[in-house]
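Heads up, the next two complexes both have chain A, just with different partners, chain B and then chain C.
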Partner chain A sequence: MHLPETTLASVLLVGATSGLFAATAFASAAPSPLTNGDLVAVRAHKLHVSPGNVLEDATLLIRDGVIMQVGDDLKVPDGARVIEGDVVCAGFMDPWGSLGMNGPATVDMSTNAATRAVDGVDPYLHPWYRHQALAAGVTAVRVQAGMVSARGGVGAVLSTAPAEDLKSMILLEDSNAAAGLGLSSRGNPTDVFARISAVDKLVSDINSGRDYAMGLAKYAHELEAWNKTIAEAEAKLEKDFKKAQKDRDKEIAEAKEKGKEFKEEKYKEDKRPKPPKPDAEDAVMARVASGELPLVVTIHRAAEMRELLKGTARFKRLRLVIAGGTEAEAVADELAARSIPVIVRPIPLGANRPDEYSGHDLALAGRLADAGVRVLLGSSGGGSADLPLLASLAIGHGLDRDKALAALTTEVARTFDLSGELGSLRPGRRADLLVLDGEPLLPTTTVRYALSAGRVLISPDSRD
Partner chain B sequence: MIQQSTSLLQRIAKTHLALTLGLLGCSFLLSAQAEAGEKYAVRAGTVHTLAGDAITNGVIVIEGGRITAVGSADDVKIPWDAEVLDVPHLEAYPGFVEAHTSSGMDRPNESVAVAPFLNVRDSIDPVAFYFEDCLRSGVTTINVQQGNACIIGAVGMVVKPRGMTVEEMLVRPRSGLKISAAPKSGMSRATQAQTLRATFTGLRTHLEDLVQQKRSGNDYSRREALYQGRDLSGERGKGRAMMSKGWTVEGLELVPRGEVDEKQEPLLDLVEGRIPAWIYCGAPMDVRLALEIARDNGFLGRTVLVLDDSCWKAADLIAEAGVSVVLDSTLVRTETDPKTEEEEEVFIPGVFKDKGIPFALSSRNSSTESLWFQAAMCMAHGFTRAEALAAITATPASMLGLEGKVGCLCPGAAGNVLLTSGDPLSVTSFVEYVVIDGNLVYDRSTDIRTQHLLEGVVPEGTESHAEEPEVEEDTRKKAGDEGGSR
Partner chain C sequence: MRTQRRMHTNALLLASLAFVASAPASASSREGDALAIRAEKLHVGDGTVIENGIVVFEAGVITEVGKGAPVPKGVVLIEHAGHLSAGLIALREHAGAGGESNDSSRAVMDEADLAFAYRPHHSEVQGLLEEGITTFVLAPRPGSLVGGLCAVAKTGSEVISRRAYLSICTGTNGLTSNRFPTSLQGSQAELERRFSWPRGVFATAVKGELPVMLDGGSSRTEVQHAIGFARRHGLKGLLVGSTRLGEMAAKIRAAGLGVAISNYAPSTGRRVVEGAVALSEMQVPFGFALGSPNNHPANLRLTAAACIRAGLKSSDALRALTSTAAQLAGVADKVGSVQAGLAADLVLWSGEPTDPGSRVMAVYVDGDEVFQAEDDENGDDQ
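Our next item is the complex of A and B:
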């Protein structure tokens, strides 16, 4: 079996240049700077291309940080750095994390729809924190400013590879918009009526976003029509100019003859249409209403979820994502029917659990998945490094293992429009992958190698 | 003679003339004598001009507040009518320059987050103890700026620690607008960045609205300006095309400058490069935002970053942007590895020196971690004397646009001279006299506070306090702990 190659030419190029790297390829097992043309071959007994799609005794070739070829009949080119292991799968992604963010930005209650998570990203965070997440197999995290705020603003997906250069950390700078409903945190109402009206407020915000988008579209349309009308009028006026001059001369002469004052004929034309007043928050909600940005709503109680589902049913393009969803089982059918993913945090909660987690159950992820709901697993900002362990808890409480793997890889990529870049080990994807000594998401499995964009950042030598 | 007229401020700004002072309550602050054109001369054992070799047995001649001649006593003749400070046992240095401080004000911050329309002039307290203490520490030029807890702060000003009114203290008005890239309390970095960007977008929208109004024949802004009685005379009655390296608004020449919202005006001055920006960064990640805001709005070339000690990590970004920085008073920072808890000490001025970034040292206040102490710390960490002294004289002077005017003893510079009993970077020497603009303004032999603190001399009329020995012992102990008060 052999997965499609990106291009034949690039493969030939791999062969041609590989010899150059023979001398340096094995130089170091520690994090090595990515040089143009770095070639890595990963060989495994089992290679999870995507959950449920497993190749045996397969090889994966990486060049310039991108997966070039995957197959069970590939020859390792000369000079490639070879990494061998038992099991290989895509790097895990935390769809509900905070790693890489400056702390206060994640708990800021004053955020609005236009606040940007990338402004809260701290590239100077000590590399150790990211190293921890990588060592656990988490290679990407979706972050959010104002995680518990009524409007969280525009989220981002970050790589966990340590880097001081902000640009290289950001995988997607506008992954989603966000809202929090009925959270018990400071500043949010917990009264049931207040909670329901907060849902209605969100729905009306989406609606004004849609109106804003429609206003812009209408303006663009009217402007185009106006430009056309004016251009036509101008052409006609220029064409008739000589006649107009003659008429004018004639009229002046006539007026003179009659001893009257010459009156200039008033020119009339349609007014140029006015653009709607720019509004940064409406602009984000417009992208939400049009389905361009998914809307992650942190919400736990059934009553509010019902209200939210009811209120948003008319926005056919809206892409809702539920985060938390403690009581989501009550609306599982509708979530399944509308293909709304739920980001579950499968964590044993002690005495300090927030109020909204009162109905918390470790079996939630498994039950939702059984009901046909798309399930994602997230840390809720509680530490992305723990996420693989939390996933194994969810598996222990009934979540299918392939679905758990999907919940950390393909489903995350799909939800945040990154399927073309991340989440699976197909050619053309960014080489964020793990080499494991056992099946993924088993508590007994450890990460032997973690690669981010083809760079080996965790290896048996670098582990402590 | 103290004049209370608005034109006074402008007049001083233009001429830097020293005006006659009213007397001060403290006896060591000598009342000033120099009228405009009056002459003053200092003869010192060694004159360190900081603009060339030191001069043994040197003479400094000051006329009308400015230095007119510096040289060896053999070469420079002291005018017959000059008042002479003859101190062959002392060394002369230029007064030190504080590049940025929030001291000396009634309070450093406003509750209004975006307040470009405020001016520290209204908050500076001429009789603040801070200014008195500046003299003891040899600080003669001070850039007073609003505190760091803001989004857009007030317009600052450069003053000297001498004078009973802010006008008398003035060296340079409008020394720049204070901006913070670090969150004001109640904000986070994400919302601070959002508000900061929105402030400049707001300015742009306001200007575009004005142009739009003018184009459609609406004179609302003029009527508003007339109603509010704003200045619409001269240049302010005329429009001027927007001059900016960042963004521009087409057609601004249609709008008389006097009609621009007064609250927005200092921001427009900033964007058009008429005043500099002092941007505070509280963490290395703030540096990126500070530079982005400065770059996008065209004032990067007139930006100085005011840095928290953690910001050394962003030195590469700063070097690339080519801006100058003011360092925090903490010069040695301890970085702790979160895993191993191993500690590493970073000497911060060294980082900036190695990257070729111009930096000024700053005091926490005038007496603790004062400028001389900071410079001494730099020498202890391997700086040359010239490098260490430049960071408290020439470098801050050029940041303030006062190159050659303060921070050196050379012809044309303000007559600000320190007379020290020895090396000013040594804890055992003292500032014995301070001359500002050719006026003797400090004489340690009459400084009752220092005498009380160091020699136990009880000030007149305070006997009752002296009878409580505990208090006195405490005071002495404290003075000893601080390594000598200057």
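Our next item is the complex of A and C:
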């Protein structure tokens, strides 16, 4: 397994603490079936290491589900399974999907900042959905509980590969925090006056998160100082104990002599500092404010985006990600300057569209990319299996082909801190890759093989 | 692309100069818009592709097509580094018609003429051009048993056929709760009566002189009923409105009907696209419905691409978008192929027309350039 041990441990912890389904179903599961020691060699005429970085007639070696070597002069070791194809590229990632989640969890409106997507993972999802996604080349999906809720909570990145245990489904248990602003509810647009205050509320939540983090830091500092003071006092008492005992005996004798009552000198200890009141939501927003977790904000209208950008400018460590961004062209310069990625949904929408999508344009992805904005492409939960087809639509409306490929691979990995594990075909990365019979993102190209952590999950015989 | 565009503009300028020079000679020329375009790949429309093919057109009509087609003196040749095809055709479309395309308070509107609902300059119609759609069948929205006569319109231009189809709903789509008939049985009885003792347009349809656009409804039973209805009354035409038509390809073929494939919506399953493959294997003629403004014009090509992904041949998909659609709409003598004598309705693509990743670079309707892509920032600037 490629993930660091700490992540694995915490994933296991998530499994063990997330309520009813986890402990019984998965705690006793066998170690990951992905680490099987198999050696796989993938040979291709064209190997997209990353978008724009292409090797001709190259070989890629996989051991234990991890890419070991990539090059055009590699020898295929004896005993390796050899897979050959025209074009090889990294598996696609849907940065705004729902595959693998329990349906009601994704549309839950009562989620808060501390709700965890991993608690809504559906291990019993029909395998057909996974097969569809893999056959289309989608190997990972970032998911969220409460996708249209004001606070979606902590998102996760899931593998689309079928797995027997929860922990091998979860690639990252805490990829981001999430919020939704100005989204229609059951087809009704939100109140126009409430929208801006909703933005301000989010900014104030980030601020509370920062205060909470500062409160925790202050507490840690005070506790340290207190411990030190106590230790010093203790040492002093210890050292002066015999003298103090003599003095006391003397004082008692003196008091008796004078017929007075002996008054015991009371020891006064500094009050132990109090920790801030624990708050799960503030704790998540603290991680957001400190830049540890990116904050994905589903937001569409220019006025709200301006307010959000203005309000968050003072949080220098905050890592904003915009999802939707229908009118983002209006703030493209600032998005580019602050390196805020936008997850665009390149779906053709008809006249009956939600109010926030009224300015929807298939050319958005291309225009934002031209303005220097980092662009990701996402399905918004509709269907990850269709994302590659929709990505080609974005290309047909102005997005550069390499940028479209990056929008489904490297940019997603970078945005959610997975560059070391996913998104490109460099040594050390998890072997989530596709063997294609043509260039990626063409309707005529089929996925001949799809590998997830080195396991062949789609092959010419497995296609329906 | 920027280079090509510049060339384009120059070419047009030259073309108009050429016109000025040759104006007295070509008095019959409507606007003196003689032009020639050479494309890396020219898709004729019948499945053949001409490498470096040239199309010459004048007064809105194609005069020559071929690899070595002679370019008349004084006519400017535009070089297009990409593909060229005939303009796409959407079967069953509602763009620009607004509320004029249906009246659910009346069950039978046999003489309603959709041509009157056509507004060529409506923004929804202009939106079709951006996606390379140059011809469409303006049909009534479902809601009546008999919705009227469908028109075939050139996008942003004129109506070229006023009686393409008689629109009929045999299924639940034709019902409403507040006027007769309110039940499927009632609707079937009413339609049987109209077609068993036919008068007016019904008589013309029964004679096979006026095709029908049959919306059978979505379920299998409803579609089977629609096919049976067409066979019983000897009707010719098009089945529309169901995602399950492909499952009944053999029956549709036996009935001699064509199909307008419904829109593929991402995440709604694969019936539509697998159906297209089945229809193609059974050699049932089919085109694609669009249904804008409720569907985005880009859906036409996206649906075709989804069918290709499911196994439909790319050339068959393009045929369904152009020449077959023209045949089904009864206008193959005017549009749908890049052939001498047909209208110069052309689309210049950056790549394969059926790849959604190809951009529409320019669109010509009747020889006039009616759309040109915005400048491509990423284009090479050689």
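A few points about this structure:
Simple rule for what comes next: the second predicted complex is superposed on the first by the 422 of 464 C-alpha atoms of A that agree within 3 Å, B and C clash if a C-alpha of one lies under 4 Å from a C-alpha of the other, contacts with A are read in each partner's own complex, and residues count from 1 in each chain.
The rule is short, and it goes like this: a residue touches a chain if its C-beta (ideal position, glycine included) is under 8 Å from a C-beta of that chain, and two chains touch if they have at least 3 such contacts.
Here the structure is a predicted model, which is why all the values come from computation and not from measurement.
When the shared chain is aligned, chain C comes close enough to touch A:379, but chain B does not. By the touch criterion stated above, A:351 is placed in contact with chain C alone, chain B being left untouched. Contacts of A:362 after superposition on the shared chain: chain C is touched, whereas chain B is not. Once chain A of one complex is fitted onto chain A of the other, the partner contacts of A:395 are limited to chain C, with no touch recorded for chain B.
Contact with neither chain B nor chain C is seen for A:85 once the two complexes are overlaid on the shared chain. In the superposition on chain A, A:443 makes contact with chain C only, while chain B stays out of contact range.
In the superposition on chain A, A:427 makes contact with neither chain B nor chain C. Contact residues of chain C toward chain A in the complex are 266-267, 291-299, 301-302, 305-306, 308-309, 314, 352, 354-360, 374, 376-378. Across the interface of their complex, chain B is touched by residues 102, 104-108, 110-112, 114-117, 119-124, 126, 128-129, 145-146, 153, 164, 166, 278, 280 of chain A.
Looking at the complex, you find that chain A touches chain C at residues 347-352, 362, 370, 379, 382-383, 385-386, 389-390, 392-393, 395-398, 400-401, 404, 441-444, 446.
Only residues 183, 186-194, 198, 205, 283-285, 288-289, 313-314, 337-339 of chain B touch chain A when the two sit together in their complex.
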